[in-house]
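Scrolling down, you'll hit the structures one after another.
Here come two complexes built around subunit A, the first alongside subunit B, the second alongside subunit C.
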Partner chain A sequence: MFKKLFFDYKLPVYILLVISIIIPGIFPFTLPVAVPSETRAAYMYIDSLPEGSTVIVSNMMYAAVWPEIGACTVSIFNHMFSKNLKVVMIGWEPETPILFERALDYAKKAGALDGKVYGEDWVNIGYIPGDEVSIATFADDVWFKPADYFGASFEELPLMQDIRSVGDADLFIMFDTGISRIDATIRQIMPKSQAFIIGGVMGAYYGYSMPYYQAGQTIGVLGSIKGAAAYETMSGIAGPASLTMNTISLTHVFVFVLIIATNVVYFRGKQGRRKM
Partner chain B sequence: MAFYKNRRVFITLTLLCTLIMILDFFFEALGPLADFLSTTSIFLGSFTLGIGMINLARLHYGHVNRRTEKQWTLSALFIVFYFGTFIVGLIPPIGSNEIFKWLYNNIYLHADVSMGAMIALLYAGAIYRTFQVKNRASFVFMIAFCLILLRNAPIGAAIWPGFTTVGDWIISVPTSAVFRGVIIGTAIGLVAFGIRVVLGKQPGYPARSMEEGE
Partner chain C sequence: MALGIEYIFAVVITVSIFSLAVKENIVVSIIEHLAIAIGGGYVGVLTLKFLLDSWWNPMISGPDYTLLVPAILGLLMYGNLSREYRWIARYPTSLIVGTFLGLGLRATIGTQIIKQIEATAKPIATGNMLTNFNNLVMIICVISTMLYFVFVIEETGAFQQVKTFGRLILMFAFGATFGNQIMGIFTRLVDRVLTLIGIM
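Up next, the complex of A and B:
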């Protein structure tokens, strides 16, 4: 039996994984989310900004990373708009501007955008191709693409009149989806900004962003869905990340049990082979 | 030999552009020229998007034309959705009209996220095959993996709050140390690569056909 389990594992593993994903949806439960110190630091800094402060948000999200980076974006948007901060959004992937609008829909549902006007309280600049070259150009001249995502000139948008370079904003928040892009944004933007936060990185690159946090180059870091859920815990505004943590809890327990099971199967199989 | 096939011309151009950007960065000299180079490279990036679109369309049109077995119907479907989405995106405001956003949010996004979610099944299978304690190194790897797993899930802190502390230490100390080395090594490697390119010592830059003097 153990030899069979060692080789024919796929069906039972896949079925148990699917069950562990479905159960939290049918029987929801809530567990407190521990807040890492780097996420707390990011929250405290954004919370300390006076009303009317300007924040530039740079993002590289696309559809596949929406569950991770989108959750971080939504949690920070909810907080920033509830504090009446002004937000300028820039995307470095073709899909990012549409996903910004999707994140804003969450903010609308949470009531964070009530009474706010596009062009005065937030601007979606859209997508600029060119990776690090465009990031470097944007750092010095925010107006080098002088129209927003909807085609309106910056001259018509009151919020953009005082923002000519990233140094004119009170805070720069980046959400990144790859190692090279984390480096590129920190290289080009961080030295020129008044304050810098890594607002969201994928789980696989969370450890990669820690040296920057420890060196003081970023005020804080939000690591994937866990960071977003911790941020929502601090801000008190529930979002998609908090809902996902239930599923993450159960699937992580399943993976833990899977590791124990694979070792039991392996060692029992080894003993069986030794007896033979 | 035509000038555009001459390897030395491209190396010299690369060196000139690099010098202009370095002078602008360190001494803030040649600002307008450096801005022009930056803006031009952004335009070139936009063109590569267009080239990618054309290549993709050519590839699938070729399959449809040749009636490639088990492929041409999928290619035909691809071309219909591809150009359909492109045409819808051209409706003003370009790329941000409501129909285009609806197609993206309700069809493409869910399809793409679902494809990514299927990786979870692959991961589960890989974990079952990989995390067998065959030696001391795999034992340490397994223990660290389990600690990080329980640190990331709220249920870990509910079982024992120490999982969060231990997991945070693993990320902050050994993991950060390794990634710090990776960051520094990558940066040094990038500088070395750049110096080789501008001096013309990097194999493969420019294209091999130029090096062979065709």
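Up next, the complex of A and C:
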């Protein structure tokens, strides 16, 4: 039985797992989402910014981490655009500019981009290669890549006229996907920015980001999908994170049941072997 | 999501990759190669675009021929491809290593050492009992965890117990990280499955 559960039952377990994901998708339900203090702090700060404030969003997401970091980006974009903040986006991964556009599609659907104009309310700078060296250069000179993702010169974009360095923006939000990138952004940008928020990190690096929050170096942190769902709860603008979080809660229950079942089978098998 | 060609393509690719759960097959290999090819091509084009915006155009329109220096250094990196001329690549490599180290060290001390020590060394005699307790726990945990990595003192008596406690704290931290990682992996699976059934 023990052997069967681990080797022969693989496919049924996968199928049951997929079913546990599909059920909340077809029959949606809402589970309460606890809002951690670090997410609440991030929300409160962004919410307190006056209309027209400029925010630089630095993102390192790639397609594979879209479900985690993308959800954080969407939840913060929805809130920022509904507050009429001006957003400058910069990507450090080749796929990031496309994913920014995808996040903007969600903001459009939520109505947060109504009446907003590209170049005046937001700019997608695009991808810059070079990791920490480029990040350090960007901190001092936002214009060192003087054209946006679509090829338009910064001279033609009204929003870019007042943003020459990171310190010119009212807030810097970082979305990160790895320890080396988190460290690089914090080292090079944090001391030069007016205010700094870790807007999204992958689940594995959530714990790694918390010392920066405890030390007061970052105003708030959004940890993976849980942080994004909590942020959506705070802002009241539903996005992909809320649906995903409900589904994950159900799949976690399924995993708990599996852990208990396999332990029961294992210990019963052990007892049986002892009796023999 | 509309049932367009993009959606059908996404569904076919996702289902093909999921077939790996049953058995390794040729479709998975094709999709893997496709992903690498698309990624490689896309990165190549974007990097070329970046070079045009930030290097070629400023150099030509200036004209600013000092920008030829990084280009030459970049070309020297290709010395790695030849055993005979590999030594040429040492110059740009040493420049890159030096730049990264210098940039990193410049800011590490302030942001990642001094600030973190300040945040750890908190008072344990404030007016709030809960804050005192939290600060005390943090100090004990940090010190015991750091002592776990002291290997020059013999592990006996109280020192051994402190090290064991430090290891326990490390395991708590790793457990939390692992749990969060699992949540992240599930997030990706949920996203794919919900995309397949047309909800996301």
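Keep in mind that, in the parts below, the second predicted complex is superposed on the first by the 270 of 276 C-alpha atoms of A that agree within 3 Å, B and C clash if a C-alpha of one lies under 4 Å from a C-alpha of the other, contacts with A are read in each partner's own complex, and residues count from 1 in each chain.
Throughout what follows, contacts are C-beta pairs under 8 Å (C-beta built on N, C-alpha and C of every residue); 3 or more make two chains touch, one makes a residue touch a chain.
Quick caveat, the model's predicted, so the values are computed rather than measured.
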| item | value |
| --- | --- |
| Touching partner for A:Ile26 - first (subunit B), second (subunit C), both, neither | second |
| Partner chain in contact with A:Leu243 - subunit B first, subunit C second, else both or neither | second |
| Partner chain(s) touched by A:Ala204 [first = subunit B, second = subunit C, both, neither] | second |
| First (subunit B), second (subunit C), both or neither touched by A:Pro67 | both |
| Which superposed partner A:Phe150 touches (first subunit B, second subunit C, both, neither) | first |
| Which superposed partner A:Tyr14 touches (first subunit B, second subunit C, both, neither) | both |
| Partner chain in contact with A:Leu258 - subunit B first, subunit C second, else both or neither | first |
| Contacts of A:Gln217 with subunit B and subunit C, given as first, second, both or neither | second |
| Which of subunit B and subunit C A:Val133 touches, first, second, both or neither | both |
| Set of subunit A residues, in rising order, touched by both subunit B and subunit C | 10, 14, 17, 21, 64-67, 94-95, 126, 128-129, 133, 136, 144, 183, 203, 206-208, 211, 214, 226, 248, 251-252 |
| Residues on subunit C engaged by subunit A in the complex (per definition of touch) | 21-22, 39, 42-43, 46-47, 49-50, 53-54, 58, 99-100, 103-104, 106-108, 110-112, 115-116, 118-119, 173, 176-177, 180-184, 186-191, 193-194, 197, 199-200 |
| Touching residues on subunit A, where the partner in the complex is subunit B | 9-10, 13-14, 17, 21, 31-34, 36-37, 62-67, 94-95, 97-98, 101-102, 126, 128-131, 133-134, 136-137, 140-141, 144, 149-151, 183, 203, 206-208, 210-211, 214, 226, 229, 245, 248-253, 255-256, 258-259, 261-263, 266 |
| Contact set on subunit B toward subunit A in their complex | 35, 38-39, 41-42, 45-46, 48-49, 92-96, 101, 104-105, 108-109, 112-113, 115-116, 120-121, 124-125, 127-129, 131-133, 142, 145-146, 149-150, 152-158, 161, 164, 168, 171-172, 175-176, 178-180, 182-183, 186-187 |
| Touching residues (chain side subunit A, partner subunit C) in the complex | 10-11, 14, 17-18, 21-22, 25-26, 64-68, 71, 94-95, 126-129, 132-133, 136, 144-147, 183-184, 186-188, 190-191, 202-204, 206-208, 211, 214-217, 223-226, 240, 243-244, 247-248, 251-252 |
